[in-house]
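Letters are used for the chains, namely A, B and C, taken in the order the chains are written, and counting of residues starts over at 1 for each.
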Amino acid sequence: MKPFGYVRAGSVAHAVQVAAERPGARFLGGGTNLVDLMKLGVESPPLLIDVSRLPLDRIEELPDGGLRIGAMVRNSDLAAAPAVRDRYPVLSQAVLSGASGQLRNTATTGGNLLQRTRCLYFQDVTKPCNKRAPGTGCPAREGAHRDLAVLGHSEHCVATQPSDLAVALAALDATVHLHGPDGERGVPVTTFHRLPGDRPDRDTVIRTGELITAVELPPALPGLHMRYRKARDRSSFAFALVSVAAVLAVRDGAVRHAALAYGGLAHRPWRARAAEAVLHGASATEDTFARAADAELAAARPLRDNGFKVALARGLTVGVLADLAARA
Amino acid sequence: MAAAPSPLGEPLVRREGREKVTGAARYAAEHTPPGCAYAWPVPATIARGRITALDTTAALALPGVHAVLTHLDAPRLAAPGDRTLAVLQDDRVPHRGWYVALVVADGLETARAAAEEVHVSYEPEPHDVRLTPDHPGLYEAELANGLYPGTRERGDFEAAFAAAPATVDATYTMPPLHNHPMEPHASTARWTHGHLTVHDSSQGATKVRDDLAALFGLGPDDVTVISEHVGGGFGSKGTPRPQVVLAAMAAQVTGRPVKLALPRRQLPAVVGHRAPTLQRVRLGASREGDLTVLAQEVTTYTCTVRGFVEGAAVPARVMYASPHSRTLHRVAALDVPSPSWMRAPGEAPGMYALECAVDELAVHLDIDPVELRIRNEPDAEPDSGRPFSSRHLVECLRQGADRFGWLPRDRRPALRREGDLLVGTGVAAATYPYVLVGGSAAEARAHPDGTYRIRVNATDIGTGARTVLAQIAAAALGAPEDHIRIEIGSSDLPPGVLAGGSGGTASWGWAVHKAATALVARLREEPGPLPPNGLAATADTYQEAAATSPYARHSFGAHFAEVQVDTVTGEVRVRRLLGMFAAGRILNPRTARSQLIGGMTMGLGMALTEDCELDPVHGDFTACDLASYHVPVCADIHGIEVHWIDEDDPHLNPMGSKGIGEIGIVGTAAALANAFWHATGIRLRDLPLTPDKVLERLSG
Amino acid sequence: MDSSNRPAGGAGVPRSAATGERSEVILRVNGTTYTLAVDHRATLLDVLRERLDLTGAKKGCDHGQCGACTVLVDGRRANSCLLLAVAQDGRRLTTVEGLADGLRLHPLQEAFLARDALQCGYCTPGQICSALGAIREAADGFPSYVTPDDARSGAPVELTDDEIRERMSGNLCRCGAYPRIVEAVGDVRGAAATGDAADTGSRGAGEAS
């Protein structure tokens, strides 16, 4: 780890201003991923701007019935907040399925969205990686890739995005609020993370110097049922092999609303628009759910060792939707 | 002397427990002498080749850096018996991760940063880390770990197998596995007037002392190695590892105390691991289930630095009566990190394969797998013909089955469905040899205040050695256990064997028993008030350890498991796991139970979660941290039960103990894999049973 | 490791450390206040172990993957290996050394001993600190992944064995003491509900929103 400067931001504006002045500076929230990556040599910022004490740690009701979650809200607090548990249980479940109690006490909402891939090559600075060192190649394509992408990957990168939280937010149509040198903007979570294409070094559409300040959830309409389900190698404290966040409303046996997002399949939380198209208005049966999953997963291009993810995603989809439909 | 009730067999609380729960117990890296510097190693980034240039300028230029040791300037060591200790001695890189430099700085942060600034140029050579069943480099090993013959044959395997009415021919595979004790390997070394003192995370400080003395050209009295508290080892700290040599070198070069704790990610490459195995097992039996023929052929690798052969076919020589048998090991020397001991080396992988094959035979013959095993119980050790000193496998199977509720059991697979879950049960047997790894020496001293002091260089790596040795001493002395003081964990004490091979307690305990018994005799011969220093007696067990026994001496056990398989996710989870053991006299049921549970937990990891491959391109392990290498977590462990048979074996040692550190892991994986079959009807002969493989088979 | 004495930039001095490599911080550990200059790269774990000689918190992986370094930060458990010391300025920190009351062990420490919930002991301080945090979190209504969906938000969560298993899964134990750890934590869960377990000062879940 190279030496770096440290400054505690006094305000969002101050944080953004300091970031603009120092190329390569990083914001420090909980640090659970950033400090990890700095120890690995993957990140070596010249300056850390500590934003962890900024007053962004509140969850507030929005006038339209939605919620505004401050970027510094700790994962534990987010998952425990009654408004989240009662109205957006899929979000609470997703957060609680990730990491450990200790990490969730430290990790922040904003930081969680910016978690970097767990691809083993990305984490090892002695090996090539297009994401970490553009142009060096992608050993994962032929190497260890059981945990990596089956959807939306490119010849340059097959990494997956590891956040559980982001998957739930994608299914909830949340918006990420950013504050940068050019002002504020909102980006839908579904387009916040990128596909790798030929620029796998860019995980998200965040611009240099932009700080996540909040995530906003639209109102949770009555009649929505939602659930997060995650498959993993051990019973707890493991990243998802595949996860699914599902939101479903059924009336008179027909699907009135459906939102599905996958984790563990792609470089971003994979919002399953093709599946949703099949679901909308169709009868809420296992057959429909299977057709929906197949419609989405038809685009899958598994690598040598991760074809199981397609079957896994299909099974999870059918199971979760059937479970939600039974509650409706 | 009034005889106190014997404390042997009492569930005493472990003696160092209070220090451990308060954080007062200090491990090897938790000694910081004044002026202590910090070392950080630099691993090779090629899989094989030569160092052609080293640029340490940038590293040395960092403020606070004291030295960068490389093969060009590191102290010359005498040639070690174990060549993994010949660190920084030449320009060869035998595998990726081999240490090529060591930075010493006055702070951890600086040391790590400087290590990143050491630039090494290499001339790489083609490497090969891929073990295949037909690898051209495979040869039949003469010896397997533990000095067992690599190959044993009796009868006529080929003819008998061809003639057998019922046969099983199956191949089982396991990836490399990592010990990953919670305490990374660490040493704090300092030189004082030519005397080297090291706090080392080791399973046996006497051996570390002897090796350091040899490497640095010192007498044994010039070296002190202290391993007071050790955060687990499971074999990976059984002999010295590179960190202790590096720390001693760095302290010598810088003239300062030096602390070196290996980074977790570097452990897989330098502290040993369980080698992968491909095991073909062939069984032949009569229709009634009498085994007539058994072959277990193991394919594994070793490294190019030293030889190590995972003796996975060895336990088959102990288990079942069969007139015809072949057990052998084929090994290829690859450009891989050095494999070594990991909890029950040989037995753990070997019994996984053998006990799955026995289960397959039981299914083939439609015989209860418990009964099939009992039917093939031998009268004497099949390989040697020697009588067993004690063998209660049948009792373990029967009593374990009763406690588990094995029967009634529908033997047909894939019938027990609960929603998406399939549920099944499985059984496997276990064995582990009674090994006296070597002799130990001990001193027992009686003090005028009525207390006793026992000195022996035992190591407590979590077993409760202090506690059980105090119990042994108290029993031999006829004194209350709380009148015994125990000194262990330093090479300045009378020498002891390593904590390994499940043989520590037998070796140290015997020496303690002997010294205590001698002290009792001496006290009887010299009645009257004790001198201020008390009276002492010493004893050792070198003769006893060297003696051969006319008996085959082994522990046995039976494992029963119930698993659930999620047919949607492929997740396999354990509902119940019961171990029933016959391991001689259990000296402390509290600590013994903990150790047996621990072994079974590690076996669960081996069966279900622990997975690591070698990257053929880069030559290193793919899963080198604890996020990617999945050791079981608390939520994985449900319903583990441990029981044992009170076994009275007069052919072991004065305590009648066999050792319990390893047998807990031995049958676990097979019991789980067999339960998986019972749940699903699928034979998945490739550990671990992770969702990717399970789903592929379920949908295939 | 002496001080170059550059300020961390608490309120009022936000920017002056931006070019320096060290800052002065105030750490309140187990009731004792330490003022020391730290390398910005130093983790809380390394400062505790190497500067303050508080070696109870262990370094198992140094990457937040094992939990051996668990301490309480302002009453909540955290992996001290991932916390930069400079960012902990003013925080109230509790390590395993701060749990016993003189010679009287904390109930969790007693329970770990009584249940033999340890073997090598290396993960033990982290387990105990984690258990303390977990018990308090449950009492304060923080749910876990296994908390039933229909449990009332904000209400104390009953620490069933499954809850303990899940909540303690951030602390690896290679010796396999898990069943004993679950028993030990179970022994103390009742005491915790009445506030006897320890002063952890955790924020309630209700306050979080």
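The rule is short, and it goes like this: contacts are C-beta pairs under 8 Å (C-beta built on N, C-alpha and C of every residue); 3 or more make two chains touch, one makes a residue touch a chain.
Note that the coordinates shown come from a computational prediction; the quantities given were computed from them, not determined experimentally.
Novice: Measuring between Cα centroids, what's the chain most distant from chain A?
Specialist: B
Novice: Whose C-alpha centre lies nearest the centre of all protein C-alpha atoms?
Specialist: If we average C-alpha coordinates per chain, B lands closest to the whole-structure average.
Novice: Applying the document's contact definition, name the chain pair with more C-beta pairs in contact, A-B or B-C.
Specialist: B-C
Novice: How many angstrom lie between the centres of chain A and chain C, each centre taken as the mean Cα position?
Specialist: 27
Novice: Whole-Å distance, chain A centre to chain B centre, using C-alpha means?
Specialist: Each chain's C-alpha centroid was found; their separation is 40 Å.
Novice: Could you tell me the distance, in whole angstrom, between the mean C-alpha positions of chain B and chain C?
Specialist: Result: the chain centres lie 31 Å from each other.
Novice: Counting only residues that touch at least two other chains, what does the list for chain A look like?
Specialist: 1, 3, 39, 235-237
Novice: Counting only residues that touch at least two other chains, what does the list for chain C look like?
Specialist: Counting only residues that touch two or more other chains, chain C contributes 39, 41, 62-63, 165-166, 169-171.
Novice: Going through chain B residue by residue, note those that touch at least 2 other chains and give them in order.
Specialist: Counting only residues that touch two or more other chains, chain B contributes 109, 113, 625, 627, 632-636.
Novice: Touching residues of chain B toward chain C in the complex: what are they?
Specialist: Of all residues in chain B, those touching chain C are 13-14, 16-27, 29-30, 32, 38, 106-110, 113, 179-184, 229-232, 234, 261, 263-265, 461-464, 590-591, 593-595, 597-602, 625-627, 631-638, 640.
Novice: Tell me, which parts of chain B touch chain A in their complex?
Specialist: 45, 109, 112-113, 116, 420, 566-571, 573, 608-609, 611, 613, 615-618, 622-623, 625, 627-628, 630, 632-636, 690-693, 695-696, 699
Novice: Okay, in this complex, where on chain A does chain C touch?
Specialist: For this pair, the touching residues of chain A are 1, 3-10, 14, 18, 22, 28, 30-32, 35-36, 38-40, 47-48, 50, 52, 58-59, 73-74, 76-86, 89, 92-93, 96-97, 99-103, 105-106, 235-237.
Novice: Help me check something: in the complex, which residues belonging to chain C touch chain A?
Specialist: 8-11, 14-15, 17-21, 23, 39-41, 43, 62-64, 67, 70, 73, 76-79, 82-84, 86-87, 89, 130, 133-134, 137, 141-145, 147, 149, 153-154, 165-167, 169-171, 203, 205-206, 208-209
Novice: In the complex of these two chains, what residues of chain C are touching chain B?
Specialist: Where chain C meets chain B, its residues are 1, 39, 41-42, 46, 49-50, 53-63, 65-66, 68, 95-97, 99-100, 105, 109, 112-114, 116, 118-125, 128, 162, 164-166, 168-182.
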